[in-house]
Each structure stands twice: as structure tokens, then as C-alpha cells.
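Per-chain numbering from 1; labels A, B, C and D assigned in written order.
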Amino acid sequence: MNKYFEEALAMQPELVARRRDIHKHPETGFTEFRTASMIIKELQALGYEVSYGDDCVVESEMFGVPGQAVLENHMQRAIAEGADPELVAKMAGGKTGVMGVMHFAKPGKTVAFRYDMDCNDVVECSEEHHRPFAEGFASTHKGEMHACGHDGHVTIGLATAKLIAVHKDEMAGTVKIIFQPAEEGVRGARAMAMKGLVDDVDFMFGGHLGFKATLDNILICACGGLLATTKLDAHFTGVSAHAGAAPEEGKNALLAAAQAAVSLHSISRHGQGASRINVGVLNAGTGRNVLPNVADMKLETRGANTQINDFMSSEANRMLKAAADLYNVEVKITPAGSAPACVTEVDFGQEIAEIAKAAFEYDDVIDTMDFGGSEDCSYFMETVQLKGGHAAYMCYGTQIAAGHHNDHFDFNEEVLWKAAAMCATLAEVYTNK
Amino acid sequence: MNKYFEEALAMQPELVARRRDIHKHPETGFTEFRTASMIIKELQALGYEVSYGDDCVVESEMFGVPGQAVLENHMQRAIAEGADPELVAKMAGGKTGVMGVMHFAKPGKTVAFRYDMDCNDVVECSEEHHRPFAEGFASTHKGEMHACGHDGHVTIGLATAKLIAVHKDEMAGTVKIIFQPAEEGVRGARAMAMKGLVDDVDFMFGGHLGFKATLDNILICACGGLLATTKLDAHFTGVSAHAGAAPEEGKNALLAAAQAAVSLHSISRHGQGASRINVGVLNAGTGRNVLPNVADMKLETRGANTQINDFMSSEANRMLKAAADLYNVEVKITPAGSAPACVTEVDFGQEIAEIAKAAFEYDDVIDTMDFGGSEDCSYFMETVQLKGGHAAYMCYGTQIAAGHHNDHFDFNEEVLWKAAAMCATLAEVYTNK
Amino acid sequence: MNKYFEEALAMQPELVARRRDIHKHPETGFTEFRTASMIIKELQALGYEVSYGDDCVVESEMFGVPGQAVLENHMQRAIAEGADPELVAKMAGGKTGVMGVMHFAKPGKTVAFRYDMDCNDVVECSEEHHRPFAEGFASTHKGEMHACGHDGHVTIGLATAKLIAVHKDEMAGTVKIIFQPAEEGVRGARAMAMKGLVDDVDFMFGGHLGFKATLDNILICACGGLLATTKLDAHFTGVSAHAGAAPEEGKNALLAAAQAAVSLHSISRHGQGASRINVGVLNAGTGRNVLPNVADMKLETRGANTQINDFMSSEANRMLKAAADLYNVEVKITPAGSAPACVTEVDFGQEIAEIAKAAFEYDDVIDTMDFGGSEDCSYFMETVQLKGGHAAYMCYGTQIAAGHHNDHFDFNEEVLWKAAAMCATLAEVYTNK
Amino acid sequence: MNKYFEEALAMQPELVARRRDIHKHPETGFTEFRTASMIIKELQALGYEVSYGDDCVVESEMFGVPGQAVLENHMQRAIAEGADPELVAKMAGGKTGVMGVMHFAKPGKTVAFRYDMDCNDVVECSEEHHRPFAEGFASTHKGEMHACGHDGHVTIGLATAKLIAVHKDEMAGTVKIIFQPAEEGVRGARAMAMKGLVDDVDFMFGGHLGFKATLDNILICACGGLLATTKLDAHFTGVSAHAGAAPEEGKNALLAAAQAAVSLHSISRHGQGASRINVGVLNAGTGRNVLPNVADMKLETRGANTQINDFMSSEANRMLKAAADLYNVEVKITPAGSAPACVTEVDFGQEIAEIAKAAFEYDDVIDTMDFGGSEDCSYFMETVQLKGGHAAYMCYGTQIAAGHHNDHFDFNEEVLWKAAAMCATLAEVYTNK
């Protein structure tokens, strides 16, 4: 157990308290006003240069920002629950991303860490066997819940920041600690990456607790197979008509959407690798005896690499339009999220594994493992990799009480100190590379 | 203007008051507890033998009865708004149909009238130019509104009952006045007709204000072309799966339902006459990145005659099951309403027209006109016609402020006294046939 | 039995001989070179002014003319089988329509008759119980057969021409006798009607033997319900690809066509009357393991009136294009035939029935009957009706050995003399109106 | 260049002659009577024990055997072109597989080679620039052509047999040389493998000229990624009807098949690896105005492994049945071919590469390469591998004049002697292992 692990273990009571405070006050994507406000204050207190609001995001690249009323409502709530009104004001419009930067005396490399802050649209379980409920730190925001562990991620991020600040003399170059909104739906990373936050980064680390690492005291160093993905909303508009008297006067949005759903799933497989299509939600029509004039669809495509996903999303776009033409209705297609694939760096994973084994006695340290999902951390990773840097997406081992996004989700908080210590270890190693 | 028209005109202030009271307290299908309670008391006061609750309905034939909680909630509301608790208790389970019967001294024929009582699932307009709102009689039940004129129908029915009672010496045989719940969705008539209420009826009259007669002071005597119809609900159940990691583990209920929707519309045209199919509502899926495991569909078929509609609904049933098989999901199909077609009796329409012209100076009296929709009054009519009796569905002329089922719907209340007088006239003529 | 019937009966042996000669030498649409050549010579011999070739047809309006090689092949065959080479040359390009005109001394009305000449693509039955085979007059052109009775129609037309010529002193005004190619597929009438042949006609008669009149010695005077129809060919062109190695490189014409087929059948029913859609033939793909790059479809729409058929064919055209877009392939849509609906004139049918009953002792004379199919005679009829004239489509009663278009088709030749006599009777009555 | 290469080079004139003789007399799957007859005689002459006819095949496992008339026709043709009538008689029913076995004095391993004999359904190019045509050895069987190089494979197989026989003193154990019919459509291997022919084999070699190795003088030692595949024929039978008069009386086989085609392509992607579906051919309907009562479909599924292909073919079977149910028609599904996937043995490929480099100066020797298609040689390979033996599928490098299955296909005949020498080299090495 190296010094970071020892010190992080000593911080554990405060980490648990912070995680539980965040868990109790979850905030969905682009409304993380309270969470971000707290992060800003903490990073400033630790001596970081902190940027946020317009300085952290290209507004036009944010996907699926809630409406003005929702944003204002959540800003008020955040202030009522302790957020700094001035900071909140600067994050108006959902610009809740935060970055803390610290330059060190010794010249060295630039190393970045990324943590996500948003919660899920889930009503938290209120049964006695659910620890957050039993121990009084369940969500106080009905319909919002940290069911994916991002409360833990924020906690780990701030603990990492603290360990690095404390050990600033052992660090070199620059460390950047990024807190991203709206990872759910892969909506928030693109707008931060395009602001150029990681353009100068040499080593980039993202990560998740649990997921592929659902045993305590293990570590996966470099997850592969983050699928590229595109999320789309399609809104079909036709003309309603009396289904008995004059159906020929209608333009049937339900049939257009239904046809689109079936056809979308018939997009050709791709000879170069895995592809995916899912029409996850379809709501259409207003009444049984009315020829339906509206339909709404939520869909996503994925691909083993960005090219395959581009093939899928391009096919999907054309098909949605053609299906609308088929029934003479209009369709409006709105991008609702996206993430590129990213290359798994096997060598980098092995290198991290060596560092991990030297730093702490894990039960198991796995170089690389297939992730099998999508995560918009890949926007940061791809940016760094394309400029010649290295990037890895880690999984911090922890038992979980139920699957991610489940209303019974909870995790073993022991992961908090270990993950923070591992991140700080990597900061020291890689800034000094 | 015959005596019934003269007397009905004199009753107009009380008719307007009654219509507005009902309009203010609308009740959806099978929850007409307050309305029915009021009707029972009024019919009893007029000297009718009144049956209701279990005496008026075959429970197993009621379509789409709301759940127990909704029923109880509405029963409580009805009582709170003046309904007789004892009567309401007897109508538990949604058995809100009522029939008043009066036997007369002279032997004669049995004549029945049918009026419907339920309102629509519509949020009433709250703008100044909407008269019910402006004059203070808009719905006090949010989401419920008499947007189809059944408030008028109940008023006409009770006024008819009064005129007949007053003129009982001129009547012969028997008069039956039926108040039916749940016409919307054609859910209520079948259960009353199957109770045998009109098995002994010689002449049967149904009707609607407005609809095909949207000018004041006109009358359509025998609407033709009531399409036979079947209403179905289909609930598809599959298995959800992670759309990225393991889509092959899912069973896609959304695709099954979407496919069903398209295929249903491809049911063959029928060489013997008009057919219709409409999938009016489709809701499926739970989230963009989850392979969808549920889908709900509301649909209806129609046919120019019962045989054609049977062809359509039989095809629809098979297709729903096959579409479920296509994607290996389950489907539960629930009947949600039905009405047979009924034969237009041209001669009977002409006879009624002669009576109407002799009774009142209408601007126009039309023998027969195509209705182009469905109405479960046809259950009563068919029963009477199959036993050798005669049946007609009239349209009482009135201007309307907006189309039926629109939240701006309103009508010229002058139709009330005229329609009641016409019904009473028919009662005298046909009981004495 | 009036004089026309008496004389026609006497002609029966020559009628039977002519019919059998035509039956033995059937010619498909636009290749009726031998048949038309014989008709021209006969009409000229009877004293008619005869027009044909370019004088009878607007070339650009002919649907589905066979290719040059087929035409030339059939021209040679016709000459080899006795056709006049000069006449055949003038009919090059498939311009095989013929019209004979005779003006009479007395001023009077213009009356037109139309007969169709083409045979079917059917291999005639060669079994002993099939009379044409047994008696040696079966088709000598393999794959071509008069299986719809047009051999009888030509025979009736020429007999009508002869009866009229013989009785020219009893006639008035003008008689036009039209022989039309390519009725099968409704391909030939439009091009003749647009040439203006019947623009001056007051009374127009078309007809068919058998069909709705499959008893000997009956007559239907005015068939109603000729559905308007449009025939379309659709050719989809995509890009083939190895279905295993690189399916994403293909553009799937089979899927586009399959999708089009299903969607076409989902075109909305029409509230104003009967509509039809049929995708009758679909051939797609080249091999099991090749992503299919071609698909050919034959389809037709119909409607109770021209407006409804226009709705259907317009929807079909849009859907074919959209289905092509759905799978990113090209589609070429070619009109392959059409016919308008035509109005049944009930009064005219009754008038003809009176004439028929006075002329001959039919077992049954029916004023009007629903035809339930399509016939491009309606182009001529519509032209006449739109200018204020009257038109009727008759069915001449005869037993048939098998359904129309069946390879066992045959009819009782007694219908020949009766139909010709009836036409001549109508010529006398209506030219003298 | 080892001795096998030297001797094979000397044999080249006779190899070219044999290849061209076979090319001139191509025979499609299960009709290789002339080819097999020649092989049997040659193997016997070389001293092999030869089995064929019933001794080489489980009759019930043959896929897509032509009808009796075709078989007899081709048997007669083979005899007319020089085949031994007695041998042909023993291959009746399409049992054209042949195996030659030679046991050697030294104890050793059992090594098997497999070559395929059938040609394609292709009309060979008859243009001067096509060498087979220019040099007079183009196919004399119209519509049959060796467009996949199996003429070369047979030639290589017999040359291999000769080299081994000549060097029988250097060999050990046993060599089996298998000539398989009907590789096209993956129809022939299963029936031979199930007869147990390779149950005792330790090392198994299949191969193809060209394909992934389209440069002269290269060798690929062990192709990977032979996809598991299932070929299915589906025949839909409905009821025809007049599309205008009574479409409701029909049962639409075209719509069932069209729907099936679209739905089949919507079978879920598989999370465990590549899957494929292709509906390659669809022919449906009889005429434009007839509701179509028949449809025929040829399709195939593939999978990266046998389990994935099983998922695909199981889904396909269910969907075909459900699509038939959707339109109330019958469907008959007939297996038309299949092949399992097989494991690429990377170590074995490397070992072969070492042997190849030692034996001959290839421009390039590639250990393993992804094949990206299907080949039923995998039935033999899988059998050997499952019993603990080793199997490799090689590609013998040669330039080709056009893609495989193209009517311009031809190859550089230099590949013949090199491939045979390589096989003989492997025989010596592996029988002595």
C-alpha cells in the first residue's frame, strides 16, 4: 500500500459523508447546479485554477438540454439546498461542467482525469433492505436517483484532487480534473471536448465503479470496446382524420413510425464489425378511433468503430425520412447524444496494471476487458489519442446491490478511497513521465 | 306545432337548467353515478317503474369498465355532489344503466327510446368565448367534459318521459325509456341489450343532436350506414435486454406491435362493402437503450355490415397473434367495445318524416342520411329489427360551436325542447299503431 | 324475334366458322395483325369507310406495346397465315385498331359499337373434353389463346356490321364500328379514344359475352360498377454485394420491393367508396448468397370512381418511391394500362331492356348489374357520357365451359347470332332517335 | 524447391490438359458423373482403394439433390461424354462423392485432403478476350461453368494423389483423398462427413485457389472465419382470388413472403459475434390482377460460430412460420444446405507456414487470414478438430481474370503444380508426425 492508499484510507469517513450528501441530492443531466457549485468551491479551496460555465463548454454542442422552466426550477432548488447563487447564475443554461487545473513546479506531462456528475431518472427504492433508505441518505428528489454511481465518481474526483494537491511537490507538469455533466444519454462530453479542454493532454484517465468490475478489491485498467453511438429523437407529424368516415383525409404518423421501427432494424449488418440499432421508445396516436397524426420515437445506433456507427446513423436518418415519405408525413430528427468509439491501448493497460500492482495489493488486476456499452468519456479519450497521447478507461471494483440504473442500486463504499488513491498514483507516475 | 311541441317549449327554462347542471358534472363511461341517480329519482317521480343496477345489465358483457379504485372514487364524488348513496351503492361495479317503463290503459304497441349519458375524456376549454365557461356551467371535473352532447340527450330523455307521463291518456301499450352508460367506445349497449330490455319492443328510437344535422330546426329521421365495429386492446409482453451488450437476449415487443400495426392496415379490402381498420394508439418501450419489452395498442375495425366487420376483426385477431409470434413475444387481446351494423329502414324513415312534418314546422326534414360512423345504439336496434320490429336513429338539428369531441364543443339549446316533443309525438303515434 | 334476329340466325354457320378461324389464330394485344387485316377487308367489302393504323390511334397513349422483335415476328406470322402484307405494314408498331363508318341517307344520331380483338397469354388445353381441341379449332399459336371470348366479339362485330349494311335503308345518321386491340391489361382503348373517334357519338355500346351473364339466352343491358384502374410496373435497381463478407456495401432492391408490397396494401381505405390495391407479381434477386440488386413488381389500383383510383395510384406512386429511398435504391415506375370508371345509366339500361324484350324472347333481361371488374371500354363510354351522350356495357348471355382466362374456356356459340342481332336492333333504334 | 515441387512442375502439361478437359465438361452439384467416373479410374490406376456411391455418403443428409429427370439426363450426358456406364450407375441418385485411400508400410498418422468437383450455374463468356473461349476449352454445357476453380481443385487433387503414390515409400500411416460434390450451396460435405469418412483422421487439409490469395506464388496456410451457415428454401401457398371483385376470398402468399423478407432482416444482432441474414431470391404471384397464391424464397443465415448461426436460423424458421400465419397462408421450409463454423488453429497455421517456406520459394506465405465466407469443408474440419485432430483451410495463390462466380472467371494455371506439390509435401510431413 503506497502513501496515496494510506492517506486515502484515512480520508474514508469524509468520503463516505460526501458521497451520501450527493446521493441525497441527485441532479439529472445539465442540472447539476448544487453538485457543480460544491465542486468549484472545493477545488478552489485546494488551490486549483477552476473554470466553469461558458469557459468549459461549446454551448451549441450540448445534447438534450432540458427546457428553460426545468433549468430554472432546478437552479432554485440547488440554491435552496445550499448552492452558491453566484456560481449557479454562471452555470445558467445547463453549463454545469467544471475543470480544475494545477501546474506544478517541475516540468512534466499533462495528465487529465474525468468524472461524471449526473444522476438517473429513477424513483429510488424505499424499502428497509435498501441501505440508502435504511440509513437516511436516499434521494430527496423524487424521480431522481444516483443509480449509476456518479455520486461515487464525484467523491473520488474530489479526493483525487486533494491527494494531488497535498502531494504537489511530487507532481510535475500539469494535472487537469474534469467534472462532466449529462453522461447519461452520452450528452455532455462532446461539448466539453470541443472546447479544447484536453487538447494539450498527454495521458487521460476515465473510469467507472462497478460495471465490469463487480468484485471488491479488483481493478480493470483499460476497458476496450466502448461502442461508438448516436442517439436520435424522431418526431413524426401527420394529419388526423375520422377513422370511420374519411380515413383517406388523414396522414398516418403512427404507421410511418411503425414502419420506420421495423425498417430500421433491417439495416444491413456490417462486414467490418459489430453494429447495433435500437428503437427503444415509440409513442403514437391520440385515440382509438382517430387516424393518428403524431408519433415520437427514441432510438440509438452503435458501432464497433466510429465508421460503422456513422454507417448505421446515416442509414437511420435516411430511413426515418423515407418512412415519413411512405405515409406522406413530416419527420423532425433531433440528435440527442453521441459518443465515438475509442481504441483500446493494450500496452497502456499493461503498464497501468504494473503500476497498480506495485501500489496496492489488489485481489486481481486485469489489463484490458471488453466494456460492451457506450460512454461519452470516449470524446476526451479520442481527442487525446488522435494527438498522440494515451487514454484508458478503468473499472474500479466494487460489489453492487443491484444492476446499474436499478432502483435498488448501491455499492460498497470501500471503492472510494482505493479509486482515489489509484488516480493520485497515476498522476504522480504520468506527470513525471 | 302540435301540443307536445307547445308544452316542451314551455319547459325550455327547466331543460336548459338541467342540461347545464349535467354539463357541469360530467361523468365518463360506467361512472355516471350522479347522472343515473338523478334520472332514477326523476323517472320515479313521474310514475315510471324504474329498473337499474343488476336489473338492467348483463355484467359479463360490459366492455372496458374502469378499475375498482376509479369506480369508488367516482361513487364518492357523485355522493358528494348530491347523488343518493343508496342508489349509488346499487350501481356499484359501473352498473349505471337505467330503464323507466310505463304501461298505459289502452292496449297497444311497445315503443322504446334510448339516450346515452356518458361524457368524454376531454379537458374543457377555459376561454371566454366558450359559452359554458363564460356562463359558469363548464365542467368542474378536470379531464371530463360533455363534448358530444350526451348532457343534451339525458335532458331530452327526461323531458320526453315527462311529456309522455303528462299525456298518459293519449298513449297506449307500453313506453320504455332507456338511459345507457358508456356509449363512447361503444361499450355499454351490448350489456343492456343482452339483458333483454328491448326484446318485446315494436318500435325503437335512438338519436343524436348535431352530428349530421348541424343546422337548427332540421330533422334527420333514419340515419343509415351505422358501421359495425369492434374495439380491441392488445398488450404485447416481451423480454428487455441491454441493446448494446446482448440484444439477442431480448424479445422485442415494440417491433411486434409496430409490425402488427403495419400488417393490420394491409388486411384485404372486402368486395361486399366498406371496411375499416385503425390502430389509433401505440405506446411501446421504456428507454432508448433498452430493448423494449412492452407495447400497448388500441385499435378498431369497422364494416358496412356485421359480416364484413367480423371478417376484419377475425383477421385482426389472427394478425396480432402472428405478429407476436414473429418476434417471439406474448400478446393479450382484450375486447374493448363493439357495435353491430343496422339496416336502414327507408320506408320507416319516410313514415317518421311525414309525422314530423305534420307535428312541427321544421326548415327541413330528411328521410334518411348516411351516418358514416358507429354507435352501439345499433345493439338495441338490431334486436328489435331481428324480431320483426322497426328501428330508427334520428339526428336532431342544431348548430354546434365546434366538432364533436372538441374541447370547444357546445350546441344551441333550442334543440332540447324540439327533440323531446318529437319523441313524445312518436310515442303517441307508435304506441297507438 | 325481329328481322335482325331472324337474319342473324340464318348467318350462324358462317359466324361459327369465322369464330373458329379466329380462335385457331389468336393474337395478343397490339399484335392482332391477321385479325385486323381480315376485319378491314370485310368492312370494306360491306361498304364501310375504314380507318386504321395511324388514323385510329394516338401512338404515345398506347400502354405496354411489345418490343420491336416481337412485333415483327407477329407481323410475319400474320402474313404467313393470310394477312394482307400492305395492310400489315400500315399497322406496324402495333397500331392494329380499326374503325368502320357508315353514313346513312336519313339524318339521325351517331351510334358506335366497340369490340375487342386480342387474346390471352394462355396455353390452350389439349384434352379431348375441350371442344376446340376435339373439333380441331384450338389455338395453333402456343401460349396464345382466346380464353376471354374476344374471338366471339370480333365475330359479333362483323355480323353486326353486315346486318346494318344490309338494312342501311332503315338506318339513319351514322354508325361507327370500332375494333380495339389490347383490352387485356386495359392497354388499348385510351389511345383510340384520345384520337377522337367517339367525340361525335350520341350512343355508345360495348359488351362482353359470358362474364356476369353465364346462362344462355339472357341479356344484361347496362353493367355498372366498372372500376377505374391503373396498372403500374415498378423496377427497383440496387447494388449487389456478398451477403457474407460485406453486406453493408449492397443496396437491397428485394427489401425495397418487399417493403413496398406491404406498405402499398396499407394505403388507407377511402370513405367515398370502394378502392383496391394488388401487387400481383414480385420477382427479385439473383442468388441465395448475393445481396439482391434487382426487383420487378406488377401492381394495379382500382377505385369505385376515377377520383378514388387517382387517390390510390397517387399514393402507390409515392410509396414506391419512398420504399426505394428506404433502402437507398432506384425505382422506375412505368404505366402499364388504365381505365376510368364509368357511370351506370339506370334509365338507359331500362330503355335498352324494353327494346330487347320487344325484339326477342329472352329468358331473362336484366336492366343493370354490378360488373365488379375493370374494362377500358370505359374510355369510350366516359368520352361519350361527358359530352352528354349515353353509353351502356352489355353482357350477352352464354354458358361457358370454364371461367374467363382459364385454359378450358369455351362458350356456347349460340350467343353469336343473338348478340349481333341485338346490336343491329340498337343501331336502328338509336340512329333513328 | 523440394522434390514434390520439382516433379509437379514436370507434370504441368498433363495438369493443364486435365483442367481444361474438366473445364470443358462442367457438371453442377450432385451431377458430377463424368468427373467422378474419371477420378475413380485414375485413383484406381494409382493404386488407391476407392470408395464411391453408397459407400461415401449418407443419402438422407444430401441437400438440394436435383430431380430424377435432371439426374438421368446428366447421367446419359456423362456416358455420352466418356464416363464408364457401370460407375455412373453406381452413383445414381447423385451419390457422386469419391474417396481414395492408401495405407503405407510405415506406421503413422492419417492425413486427409478434400477437393470439390462441382461447377456453377453460369453461362460462360463467349468473347475473344476470355481465354477458355479463345483457346477452345470453354464449357460445352450451356448454363454450366467452372467459374469457381473447382476444375483446378480436381486437377490438384489427382496430381496430389499421383505424387503421393509415386513417393509411397516416404509416406507413413494412411492418406485419404476426398472428392466432394455440391460444394456450391454447401450441400455436399455434410452427407460425406456423416458417413464417417474422416472419423479417424489426424490432420485434415482443405483449400481453394484464388479467393483471398489473388497473387501468383503466395500461400495462405490456415484461413479463419469460415462462417457457420444454413440455407433454407421457403415455399408459401395461399389462395388466389380476383383482386377486383373479391380480394377478401384470397390468402396472399406474396404479402406473407414480402413481410417475412423484411422481418427476417430485423432479427436481432448478436452480442457474441457476427451474424448474417440474406433473402437472396423472392418470386411470387402469377398475374397483375390476381391475388397471389404462391411465393418462393431462398435465404441463408450465417454466424461467427455455430451457436450464433443456430440462433439466426432458429429465429428465421419461427419468423417464416409467423409471417405465413400473418396472412393465413401455409409455408413449407426446406433445408437447402449448411456448414458449421470452424476454429482457426493459429499454431497449426504457423507450423504449415514453416513447412511451406522450407519447401518452396513463395513470394509470400501467410499464416492465417480471415476468409469471410462459408465453405462446407468445415464439416470435415470440425469432425477432425472435435476428435482432437488438426485442420486447416489453405488458399493457393493465383491471379484471377474476374471474381469467383463471374462468367469471365479464369486463373493462372501455374497454381496447379504448386498446390499439388504443397499438398504432397504436407502428406509426407504429417503422415510421419
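Here is the rule we go by: a contact is a pair of C-beta atoms (placed from the backbone, for glycine too) under 8 Å apart; a residue touches a chain by one contact, two chains touch by 3 or more.
These figures come from a predicted structure and were not determined experimentally.
Comparing chain pairs B-D and C-D, the larger number of C-beta contacts belongs to C-D.
With centres computed as the average of Cα coordinates, no chain lies farther from subunit A than C. The distance from the centre of subunit B to the centre of subunit C, with each centre set as the mean of the Cα atoms, comes to 50 Å. For the pair subunit B and subunit D, the distance between mean C-alpha positions equals 69 Å. Rounded to whole angstrom units, the spacing between the C-alpha centres of subunit C and subunit D is 52. Multi-chain contact residues of subunit D (touching two or more other chains): 244-247, 252, 255, 259, 262-263, 265-266, 268-269, 271, 276, 291, 372. The residues of subunit C lying in touch with subunit D in their complex are 185, 227, 229, 231, 242-247, 252, 254-255, 257-259, 261-262, 265, 276, 278-292, 295, 298-300, 302, 336, 372-374. The residues of subunit B lying in touch with subunit D in their complex are 244-250, 252, 255, 259, 263, 266, 268-272, 291, 311, 315, 318-319, 321-323, 325-326, 328. Against subunit B, the residues of subunit C that register as touching in their complex are 262-263, 265-266, 268-269, 271, 274-277, 372.
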